[in-house]
Amino acid sequence: MTDQEAHETLKESGRKVLADVLGESYLAKRDATNNDFWGPARQFSEEFAYASLWTRDGLDRKQRSMITVAMLCALNRPHELKIHLVGAINNGCSKLELREIFTHAIAYAGFPAAIDALRVAEEVLKEQGKF
Amino acid sequence: MTDQEAHETLKESGRKVLADVLGESYLAKRDATNNDFWGPARQFSEEFAYASLWTRDGLDRKQRSMITVAMLCALNRPHELKIHLVGAINNGCSKLELREIFTHAIAYAGFPAAIDALRVAEEVLKEQGKF
Amino acid sequence: MTDQEAHETLKESGRKVLADVLGESYLAKRDATNNDFWGPARQFSEEFAYASLWTRDGLDRKQRSMITVAMLCALNRPHELKIHLVGAINNGCSKLELREIFTHAIAYAGFPAAIDALRVAEEVLKEQGKF
Amino acid sequence: MTDQEAHETLKESGRKVLADVLGESYLAKRDATNNDFWGPARQFSEEFAYASLWTRDGLDRKQRSMITVAMLCALNRPHELKIHLVGAINNGCSKLELREIFTHAIAYAGFPAAIDALRVAEEVLKEQGKF
Amino acid sequence: MTDQEAHETLKESGRKVLADVLGESYLAKRDATNNDFWGPARQFSEEFAYASLWTRDGLDRKQRSMITVAMLCALNRPHELKIHLVGAINNGCSKLELREIFTHAIAYAGFPAAIDALRVAEEVLKEQGKF
Amino acid sequence: MTDQEAHETLKESGRKVLADVLGESYLAKRDATNNDFWGPARQFSEEFAYASLWTRDGLDRKQRSMITVAMLCALNRPHELKIHLVGAINNGCSKLELREIFTHAIAYAGFPAAIDALRVAEEVLKEQGKF
């Protein structure tokens, strides 16, 4: 097996997980805007994040969503937080649980990080009809 | 009721939670080194973090530990990470779950953040006889 | 006294300080948009940030505003910076002092952090008729 | 020589480098919006960043652009990243090289940092007719 | 005047300010360990940080120390924090004021940042015989 | 081909690159301390960082080292910086180039980040007999 074949194998596995977590329509939209500039980063996201990490045992998907959005709050990355909040809702996180994650974050990341994340979460929950 | 009485009430509640999460001996050692310089920050930790946040509904203590250590990994704070890893173990996180939290962090906070956190976790797990 | 009574006591104290620092109209607008999702974080902001920290001796409010906006510049949190720049102006910071805080920040947080904060400060100073 | 003369000397040198890296029209636009609030930070940018650092031996301008945009990706500063991406293109970085810098960043700063930087780079490359 | 002369002029001014803020013995020790690797960064520190920023009007040295240590707390840079805490004490910050700066930081940078800074401050205050 | 086979294929490729960049003795030492806790993170480092990113066209290894150490300076990760400075030296970065990377970083990440990185670089260069 060549590295190229290995990459293709993982990419295909990752795309299935990504479609599960973020939805088929998200994947279709993402594919429609793909090109040679975004290609490698997106393929690695599929191969590495979705095929290799999100499929591991030890934590279920809801737990992975919880720690992912908690880290994105701390890391100050609202664009990715928005996407992973959609994933978190699909993986079973309730509005109440998302509120608690970011309210808890006040103590560790400070009020500004928590408030910025609550603002993004409000936006996503409204878009998903769950606010 | 005065603000001072309110602070004392919350402080007493928080100290019980802190003793639960980090152990009576941790609290005793902490009290033995307290003084006017550290006093306010420690009291606020008891009042606000332990009495006000760790007691809330919506997430259980194990879930709160998971998102706390995930954020501390992203925030690059090894001293506090060490303390909260002790809390995480007391709140039911296994060695496997801690490994998975920081392995998952690779994708979002990068390898260096994940590896630094795994190093701290190895140290704490060994101190606790759980490695 | 119950914890709940303690929280209510601190909340009431904090709301007075918040109204002092950010203005009655800010508090009224904030209350008008409150709900169960934002409630806990806002209450903790009132109880902990405004009632418990901004009322302490040792630093006056202008000094607290100066270090707050300096930290928010370093922490890369423009939304909260904007709010605390309004507070800083209300607490007596001049346009010149704000310019100096963020110009000084160049050496410690780098040009990008300083320039992003100056941009937010220009916006707030213009809104307040002080540019 | 007074410090004031020293500052003026470096400022003039820095303005030539800045015009080289970012273009005469960028400098003209920047000068047109200058005022007493922005003046010191912009002068220090000219004196210190452009006259003192970008003129040093040991790394060429293209190498300096590469490490600058890599750091701005890690530092989460999209406004400055946008400006320095224009400089990077003027200093000889190709679309392919910029893609590789931020794709490489996935491993060290995480996917969210890399994806945010790729988004800014796509925007700048399109504005420059190079996407 | 050449750029080289300008740099030398600012360097000499900066060294006087540095000796004022951190002490003659600190400067002597720093000079004794200087070499071609550290030279440029130290010269820029003298020229830019000490000659150009710490000498500006608008904020006094104690105010500059306060915002400097507040930013270093947020930026997670304990080595530089230690040095600037010495400067802060020399510029008139009391133990009480330093305690308040970092206790205030809890709300904005989170408990871990505040506690790490209090630990460094305790160490410096003890070394200076002021704890 | 199964995902498991794909992972093994990439792992083997990555180990060769890792041995090239960091040395056979580094890899041997790393393998000797491997276990079930560190295994997944290390395997992903081999598969993803070394097999998938460090082998890509568009940037050579020296350029990848330069942007890697620049990012690690900004990200405040001294443990990983130390390892990647060894790699940078192996990939052809000179003492002078490393000095320039971190001196350049002053403007973007601030003096504290630059000075912390210069300290780590001095340590590594001395260990490698290149200071």
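In this document, chain identifiers A, B, C, D, E and F correspond to the written order of the chains, with residue numbering beginning at 1 in each.
The criterion applied here is as follows: a residue touches a chain if its C-beta (ideal position, glycine included) is under 8 Å from a C-beta of that chain, and two chains touch if they have at least 3 such contacts.
Please read all numbers here as calculations on a predicted model, not as lab measurements.
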> Quick one: which chains contact chain A and chain C both?
Replying inline: B, D, E, F
> chain B-chain E contact: same residues or different, taking over half shared as same?
Replying inline: different
>> Centre to centre, using CA atoms, which chain is the farthest one from chain D?
In response: B
>> With a Cα-based fit, what is the angle in degrees between chain E and its identical partner chain F, given to the nearest 5?
In response: 120
> Compared with chain F, which chain's mean CA position is the farthest off?
Replying inline: C
> If you average the CA atoms of chain D and of chain E, how many Å lie between those two points?
Replying inline: 27
> Taking each chain's centre as the mean position of its Cα atoms, how many Å separate chain A from chain B?
Replying inline: 25
> In whole angstrom, what separates the CA-based centres of chain C and chain D?
Replying inline: 31
>> Distance between chain C and chain F based on Cα centroids, please, to the nearest Å.
In response: 40
>> Quick check on chain D: which residues sit in contact with 2+ other chains?
In response: 40, 44, 48-49, 53, 56, 72, 75-76, 80, 99, 103, 106-113
>> Using the definition of touching given at the top, classify the network of chains in this structure as line, ring, star, complete or other.
In response: complete
> Touching chain C in the complex: which residues of chain B?
Replying inline: 1-3, 5-7, 9-10, 13, 40, 44, 47-48, 51-53, 55-56
> Which bits of chain B are touching chain E when the two form their complex?
Replying inline: 36-38, 40-41, 44-45, 49, 72, 75-77, 79-81
> Contact residues on chain C for chain F in the complex?
Replying inline: 106-113
>> Using the touch definition from the top, list the residues of chain A that touch chain B in their complex.
In response: 48-49, 53, 56-59, 63-64, 66-68, 70-75, 80, 96-97, 99-101, 103-109
> Contact residues on chain A for chain C in the complex?
Replying inline: 76, 95, 99, 102-103, 106, 110-116, 118-119, 121-122, 125, 131
